[in-house]
């Protein structure tokens, strides 16, 4: 289905957030949000994706 | 009855706010509040006093 | 003879400082120096010029 | 004879500056001046005192 | 000059009426200051009617009256005081003070914005005594204020402009909003500086009332705000790190 | 106001005549500034007689003339220039500049004292452009100067008073000597401050001539020196670390 | 030294991890700085996994991690970012930035207090990036903050402490609350000054990362905060208006 | 680091030996300060031989000795004192003080240059305590000085750098001459600032000796000069008028 991942529209196969991470090869230390709501790691497998969802996958970065 | 006028407990005869002003000889340019609520000049005669009321009669003063 | 007037070499006919002023048409309010020495107005006619003399004729100017 | 030592008038026996130092028991690290003129250590024995001489014997002290 | 709620004022100087040694001194100080606005307050009237005498004198100054809510620590208190002031002084203008701290008499910006909204909605022309925080300034404008009165330093401290940088930022952010530096002015050069930064007015009291000679200091402040306002118009030179001769170098004589 | 070599001046402002965009602007700036003194220099006269035209205009300003020795780097040069200036401008007044450094145009205090002595002995009324060093000031007074003109900052820098502390020390040391801050003024608040410190005058040029609108800036400077002079007379309040309410606290209503 | 949410830190210096020319420089700068805390952020992870590499390096610095909510302009955005940061960085510490103005990056104190309350109630240890307004400080403490991080000047401006007076007031008002000057430090003397005023820490980034030689500047900052902290403990002399001889006068020889 | 008459010093900090509560405190303060130079004076020796005891202690500090001519008001007095000091302390180094004013203890630059010439010609290594006047500095170098020690503020005042601009000008004018700020330092941030400006050393006494805890303040000063020296090497960022985000903006999540 079509979703938006980190601001980019993409076509994905995965049906859950955990699946999406796997599909994206995001095995590292990341945090996730769906439609501007934080989804904890332990809730990702329960989190079913819907067409048009806005997903954010965030990782550590430089900061001041 | 007993009321508090400008912080001082006093015994008054007047039954209304306008009466009180008269009784107090306050004919000048003042503003009034009863129990911390502003009472406009045109509402003073309608404003009946009750024992224990806290009345403030304020006048112009120096200010910065 | 050849002298230097206000930094410029020139050929002059005049033999005295007062003569020079006349020759230069400097009738205004100026002060004069010959070879870095001040020559007051009343001494100009007595002041004979010699070849190579360095003459300064100065006038009022903007200043801070 | 009477001299002034470090601002105090005193009676001394010594005839020379070196003698005075000995008499005063000043064997330490000091510098000397006679009548506001510096007298180096090696010139002290040659330096004869005269009545009224002003002698300064100075030593190391705190400074900023 | 910018207008204050539709009113243009004759001088950028606003002067307080407190702390003078006598009414006569106050009166003379006002005349000399050329102040366009006088701040006043409301206090309990005794039987003596001192307030009436004061009012008669102030009215005769012939300047605009700006009542304050000095000493108010809560929204309710400030709003009620403002309502009473509007009736007594017969003006929609109100200098909104909401004190958040006893020692510094600094504004409580949270209650300030809240009270400003209530009063603006109720038809007041609110002159908020605020900090130099420009986000607060934005909220006050949203609340309906059309004037901002940032402090220069704590009331009565006379320390001058403690943060010029913040005032410059306020000026840049709100080019069309009248800015009045309120509180902290101690000497005329502080007032001149405030105006040079592009402020539209200066409100002070202690610096004049507590000067050794209040009347003369009032004159000084009048000149000071004029000087600063003119300088802002005149577009001052930029400071330079190096010197630059003012007297021309060309044409200099050789005399050495 | 203190007298300058027996002359009392109508305004503490002394203004330079250089760097204006046109004679007309210079003239208007002077009128607006109310300056009591105009500084001028001597330069080589061309055949055009530009100097004569300038002189006619300056003379008509109706202010006192203070010729300078701008750009002189040696005692001999400065003294000769002063002698020539005295004849041309027909005044014993001389602003003695002895430049010791090209970039900062700062005074060479050693040559300054030497030249001041020569000129004072020769009957000049010397206005020495000096630093804020009070030992130098003492030497200049011993040399015969009756006025001191310490710099605020380098000529034309517009940086303002770089060392208020030193100026206060000068003022305290020489209570009866006229002090004129010469050079470094960039905006009116600098001039106001100098006068607040108790100085007796301010000499400036670039701040007015190089302002976007010199005539308006001239007016600003006129007000600025007045403001500072009045403030000094009026004995300003002392700055405080804590706030102090101006509006009286007693009689405050209970409304919360 | 005061504790930060129960943790005592080895150095009052907190250092940002952004803007370095390379990870190696960042690493060396941290080692030299002796910083006890490193600020980090959350950004979108690309396929490259840059974030994982960065994280590995930062973790090896062996300092406490303080994630920020940099760039957040709304409460919701800040709160969500904080929640995500807590999971990723596995720490309750959060540097709460709620930007209220694009040019100055200044805090929006209204949203700041709101977000601080939400996060504190949710178990976060909130480090609020705030202004020097002490009424705001009070609200933040009421909201559950146990640390305050007032700005010295706008982020990245390097202007130093724009309002020492306000910082002194904050210190006096909250003697037991850890105060960290966050933002505005440009050179070590700024950091030393902040600590002399009694602050408990300094958070900076640009001053080190954008110095010509970041590693050396990091060492400089380490010394600077130490110097200021020691000075505060040592109870400095009071400045005096007059001079006072250090070398004793008694016993001075007569040699003139 | 520049050399002082051929000697490189281990620390830019030079510390006075006066005003300590006890020799033990002095000693510990020196150890903690890491000072490379100790200033001392000459005074009349009593029968007690206090001077000998002091000398034994100072010698054991293992630092370079810099005798001063403190309190001298005439060339003759200063020169004689210097000659005596050279013999007693067995060093050509002399801190030349020629006091020109009792209250400010400021240098008399006229006598200073004169005495410096005499002493330099006589083989002394002169460390002149001078003002921040760069023309004076030039004369001192011509007189044979290879070091300049401009004041920051009057001795013992602790006011810090009263004229940074003048110190920057000195630094720019004499890039290769060791500059030591002597007098006026009150807190470490003053010393850090002096070094940031590019000075090569700082000489102080009262700030340490009169601190509540001199030993701790000595440590603070050690760190302070290091911080400033490193910062100067590291080429600090330029201050900016606007803010600039340190945390990168790109990659920021959309969460609002």
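Points to keep in mind about this one:
We just call them A, B, C, D, E, F, G and H in the order they show up, numbering each chain from 1.
The rule is short, and it goes like this: contacts are C-beta pairs under 8 Å (C-beta built on N, C-alpha and C of every residue); 3 or more make two chains touch, one makes a residue touch a chain.
Quick caveat, the model's predicted, so the values are computed rather than measured.
Chain pairs A-H and A-G differ in how many C-beta pairs are in contact, and the one with more is A-G. Note: the chain lying farthest from chain F is A, by mean C-alpha position. The greatest centre-to-centre gap from chain E, using C-alpha centroids, is found for D. If you average the CA atoms of chain D and of chain G, the two centres end up 62 Å from each other. Chain C and chain F have centres, each the mean of its CA atoms, that are 33 Å apart. Averaged C-alpha coordinates put the centre of chain A at 93 Å from the centre of chain C. Shown for chain F are the residues that touch two or more other chains, namely 16, 18-19, 41-44, 68, 70, 76, 80, 103-104, 106, 155-156, 159, 205-206, 245-248, 251, 253, 255-256. Among the residues of chain A, those touching two or more other chains are numbered 6-7, 33, 36, 56, 58, 61-64. Across the whole structure, chains are in contact as follows: A-G, A-H, B-E, B-F, C-E, C-F, D-G, D-H, E-F, E-G, F-H, G-H. Per the touch definition, chain F reaches chain H in the complex via residues 100-101, 103-104, 106-110, 113, 131, 133-136, 138-139, 153, 159, 162-163, 165-166, 169, 173. Of all the residues in chain A, the ones that touch chain G in their complex are 6-7, 24-26, 28-33, 36-38, 40-41, 56-64.
If you check the complex, the residues on chain H that touch chain A are 245-248, 251, 253-256. Listed in rising order, the residues of chain C touching chain E in the complex are 6-7, 33, 36, 54, 56, 58, 61-64. Those residues of chain G lying in contact with chain H across their complex are 16, 18-19, 41-44, 68, 70-74, 76-77, 80-81, 103-106, 154-160, 186-189, 192-193, 196, 205-207, 209-214, 216-217, 219-224, 226-231, 233-253, 255-256.
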